[in-house]
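Across the two complexes that follow, subunit A remains constant while its partner is subunit B and subsequently subunit C.
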Partner chain A sequence: MDLAVFLVQCLNAVQYGLLLFLVASGLTLIFGILGVINLAHGSFYMIGAYLAYALAPLFAAQSGGGFPAALAIGVVLSIVFGYVLEWVFVSYLYERDHLQQVLMTYGLILVFEELRSIALGDDVHGVAVPGWLAGSVPLGGVMTYPVYRLFMSGVCLLVALALYAVIARTRVGMAIRAGASNREMVQALGVDIRLLYRIVFAAGVALAVFAGMLAAPVTSVYPGMGNQVLIVSFVVVVIGGIGSIRGALLASLLVGFVDTFGNVLVPQIAGVLVYVLMAVILLWRPEGLFRTG
Partner chain B sequence: MKFRRFAILVRQTSAWRGWPLAVAVVALALFPHVGGSFYVDLVLTTMILSIFALSLELLVGRTGLVSFGHAAFFGIAAYATALLSPSSQPPSLAWLLPAVVAIAALAALAIGAFCLRARGVYFIMVTLAFAQMTYFVFHDTKLAGGTDGMYLNVKPLLALDGDTLVDLRNPRTFYYATLVLLVLVYALLATIGRSRFGHALAGIRANEQRMRAAGFSTYGYKLAAFTLAGGLAGVAGFLHAVKDGFVSPEILAWHQSGAVLLMLILGGIGTLRGAVLGAFAFVLMKELFQSEALFGAFAKHWQLPLGLAVIACVALMPKGIVALPTQLRRFRAPLLHAG
Partner chain C sequence: MKHRRNTLATAFLAAALCVAAGGAHAQSKIKVGLMLPYTGTYAALGTAIENGFRLYVQEQGGKLGGREIEYFKVDDESEPSKAVDNINKLIKRDNVDVVVGTVHSGVVMAMAKVARDTNTLLVIPNAGAEAVTGPMCAPNIFRSSFSNWQPGYAMGKVAGERGAKKVVTITWKYAAGDESVEGFKEGLKAAGGEVVKDLTLPFPNVEFQALLTDIAATKPDAVYAFFAGGGAVKFVKDYAAAGLNRTIPLYGPGFLTDGTLEAQGAAAQGMLTTLHYADGLDVPKDKAFRADYGKAYKMAPDVYAVQGYDAAQMLGIGLDAVKGDVSKRNELVAAMEKARIDSPRGAFTLSKAHNPVQDIYLRKVVGTENKSEGVAVKALADPARGCNM
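Moving on, here comes the complex of A and B:
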């Protein structure tokens, strides 16, 4: 493997890892703060990708090929959707045990998949990369790297930084951190915990939908795409430690590198490698790399 | 008043508690003589799923371990059945079934050794991830046909001195063999429930720390339960492979693990009859929503009503069908008092 190939694979690994982080951070936040194990989280990713497919023709005339407009609309829709879903469904899961949460959100996956099938069919769709991001940059003479993937990594990194800033530096973030470690105390101090939960859930949904919309031009859009991401996100959460954003970031990048280089170096067993990584981490640290609370 | 005391007495004796089971077994045994072949096949499928659900009940209901990866052992056993069967000569049931069950149990021992290091919600996620790993082993590698799956050429039989005793190629024989295995698995789990081992597992579910303080090596007990549950899931996987004559990676998919958990909660967690009832309820529900006679073209989208039904069932009757009479009685009681 020469340097240019190595560099390209590193970029791919970072890009995949960061994308995974957007999904896994929502999953880990929702579990860490709301205490809900949400199997339907992968469905939000799937919904995001189909949203990108469905919205693309509507905004094609806008500036930037309509891509920024579609992203913005998608994020607004997903926040509203997440807010309402927490209100009408997820809020009823708080007092239930994990098994019931698992099964009810599993039922939700079936519902989302079929609604998607009814609305948009079961075909695989491609989503065009927006024109202004379609080129590629030269890399070490012979290799080139698509601009869109660089753009993806950049955007994901910005979102990760923004997430960190919100959680570490703002009052809402303070309430979120406090809510993760002691729910009753936060409530006693006068924070509206129900509103906080609604915000966290909506943010988690928005992150996953945003990830799906970003990924759509690269991965294409297909039924069941959310499940694959969901399970890898679980691996990320287990490795990183439940409720830890920092852990999720580190674990996503770790999984990104292992998966990408596994596919290059040992393609026969690449599918299994991520789980082997998880097993090794589990032997070393049963509660994940960063355990909170 | 006198009658009531009598009723309580009858209810307390084991004869009373046993008769619904006996009736169920007799009904299942008589069913092939009255039901159409489609329904007999459906009941056969359900009995296999019942064994699968019973094996998970040992973990979820008895020990309090929510495994979301139980399909792995079902699938490993089904693949082992296909891989171990020779291509022409029918294999003997006498070695094939024990071998398959042993393989599933060994896989459960290995996977359980890792998973049981995790607790609570971690355990759910880790079992899911390991099951997904075994899915990829069969899906990605050419070990057993990859995504295409593989066929089981000849079905096993049991022969003694050249006389064929049990020939699973005969559908009727296969039905009764499955029924016998279901009864055996049920009896085994009922016996375990009353044994010291079973009580230790129940203790772990109630309070693991206290059990450890009382001197029980809880990890060892949990691993034993996980291994046994894997082996029993292997019985179901074996029957599934022999019935269909075909295995594909889909039988290891996480939807299967979700479905079997669903059966447990539908029937009622914590009882053996709940697992069996849940399997029947699940298959009936699926058949109902897939029925084109009822739903027409919408039957294609059967997962939508199934998903909604799952949510409704878990929300409204979290203790399952088994607890439904009590739930209804409690619902009616205030009305009676008011009247």
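Moving on, here comes the complex of A and C:
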């Protein structure tokens, strides 16, 4: 592997890792702060992708090919959706054990898949890359790199920074962190913990939906697309340390690198490498790279 | 005394039931078990196969071999771990006379095993796993579709004839992908080319970027890819986005561009693939089939609908030969083996291993159609390695 190819592969790894982070950050928030094992997280990603597909024709006339408008609408819808979902289902799960949480959220997967099937069918769909991002940058002799992928990475980085700033530097972030370590005490100090949890859950859902919408033009949109993402996201959350945004970012990049170079260098065992990585890290640090609380 | 009377009564009852069952058997409906994916990634394929099957039965007045058809449906969810339970529901609970299914190769392997053990008639309307018409072949197992080897071999020949000397293959690391790539290699070798690198990734991963970079660094004359469904859409789009399609032609079996062209859009235009079916075939039967299918289901048929239709045709030929008496299994099978099936894809016969001997078409993507560019290999038979029948 010469240097140019190596650098392109590094770019691939970072780019894949950042997208993973976007999905996994929502999962780690919900898992770490609310203590809920949310198997339906992959479904939110799937819903996001289908939302991008469904909204694209409605906003095609807007500026920027309607892409920013569709993203904004999607995020607003998903916050409302997450808020209601927490209210109706998830809020009953905090006091229950993990098995019941798994049952409930697994049930939600089935419901969402079926609703998707009824509403939009089982076909594979494509979402066009917005015109102003459709170009590509030449890399080396034969290959070009799509601008949209670079744009995606940029957006993921921005979201990561924003998340970090909110959690580490704001009053809401402080309350969220406090709520994760001691729910009752935060409540006693006069913080409406129910509302806080509802906001965190809605934000987690919004992150997954946003990731799905952002990824739709490059991944295409198909039934069951969420399940695959869900498993890798759980790996990221476990490696990074449950509830840690910083850990999720680092773990996503690690997984991105292991997956990318595993596929190229040792394709025979590429399928298990990510899980081997997880096992090794758990042996070394059972709490994940960064523990919280 | 009382006990004895009970025994007697039971015996009478049993005898009466036997007579009743026997009598009913003669005029009763033929029970067809459809084990297909009705949910999940392959749901659309399962529906198309059932539509095709039902269309043929309707054209025969709802009867095959003079007897009406009753359907029993099981959703196999494309889930190999549930396959044995699911086919047993049809065989043991519903007592079906024949099982039709399925799409997923892993599921079909389990089905073939059960069909062999219970001697149930099985018609496979899609899954191309070579083993079921190879080492696992049996008199009671038929296929109306293809083996993974067939389109691969034809594409290899075409690629070689078009001057590809060094080719890279890429697929998911699973049986269907491996079998398709093996077929391609044989065809390519026969036409003077060779495969310099096999790239694989775990099923159903769709993160192709690393392997695309690898392809760009290898600079082959052509790439052969086996993917289906969402993976096929993403691969073809990623290949184009990486700019590789401008210098390195991308070839594949028809599944790479079948039912996915709307989603692939501009990225797939001009691509060449091989399959046993194509758009714009000059086959009168196909024109009639397309018109009838469109009328019945308000949508255009695809290759899966054709395979379902032909599964019903094959079964119909067998049942006609025995006048609907499924107990005459040997004669039924013999008639199916000798059949010449008047398929929308063009007439085909069956090999000794019960796999279609059929023309494989070269197709070119134009708009949202896989337009026929003529026959790539005429009357191609699967080698059926390992079948001693």
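Convention: the second predicted complex is superposed on the first by the 289 of 293 C-alpha atoms of A that agree within 3 Å, B and C clash if a C-alpha of one lies under 4 Å from a C-alpha of the other, contacts with A are read in each partner's own complex, and residues count from 1 in each chain.
Rule of thumb we're sticking to: a contact is a pair of C-beta atoms (placed from the backbone, for glycine too) under 8 Å apart; a residue touches a chain by one contact, two chains touch by 3 or more.
Everything numeric in this text was worked out from a predicted model, so none of it was measured.
With both complexes brought onto subunit A, simultaneous placement of subunit B and subunit C is prevented by a clash. Contacts of A:245 after superposition: neither subunit B nor subunit C is touched. In the superposition on chain A, A:271 makes contact with both subunit B and subunit C.
Once the two complexes are overlaid on the shared chain, A:283 sits against subunit B while remaining clear of subunit C. When the two complexes are overlaid on their common chain A, residue A:218 makes contact with subunit C while staying clear of subunit B. By the touch criterion defined above, A:263 reaches subunit C but does not reach subunit B. Judged by the touch definition given at the top, the superposed model places A:104 against subunit B, while subunit C stays out of reach. Contacts of A:49 after superposition: neither subunit B nor subunit C is touched. Residues 113-114, 117, 270-271 of subunit A lie at the contact with subunit B in one complex and at the contact with subunit C in the other.
Note for the complex: subunit C touches subunit A at residues 39-41, 43-44, 173, 199-202, 204-207, 209-214, 216-217, 219, 229-230, 232-234, 237-238, 241-244, 247-248, 259-260, 262-265. Per the touch definition, subunit B reaches subunit A in the complex via residues 60, 66, 68, 114, 117-122, 124-126, 128-130, 132-133, 136-137, 139-141, 254, 258, 261-262, 265, 269, 301, 303-304, 306-311, 314-315, 318.
Residue ranges of subunit A in contact with subunit C, taken from their complex: 1-2, 5, 8-9, 12-13, 15-16, 113-114, 117, 121-126, 128, 136, 138, 140-146, 148-149, 218-225, 228, 259-261, 263-264, 267, 270-271.
Subunit A contributes residues 31, 37, 92, 96, 98-100, 102-104, 106-111, 113-115, 117-118, 227, 231, 234-235, 237-238, 242, 268-272, 275-276, 278-279, 282-283, 286-288 to its touches with subunit B in the complex.
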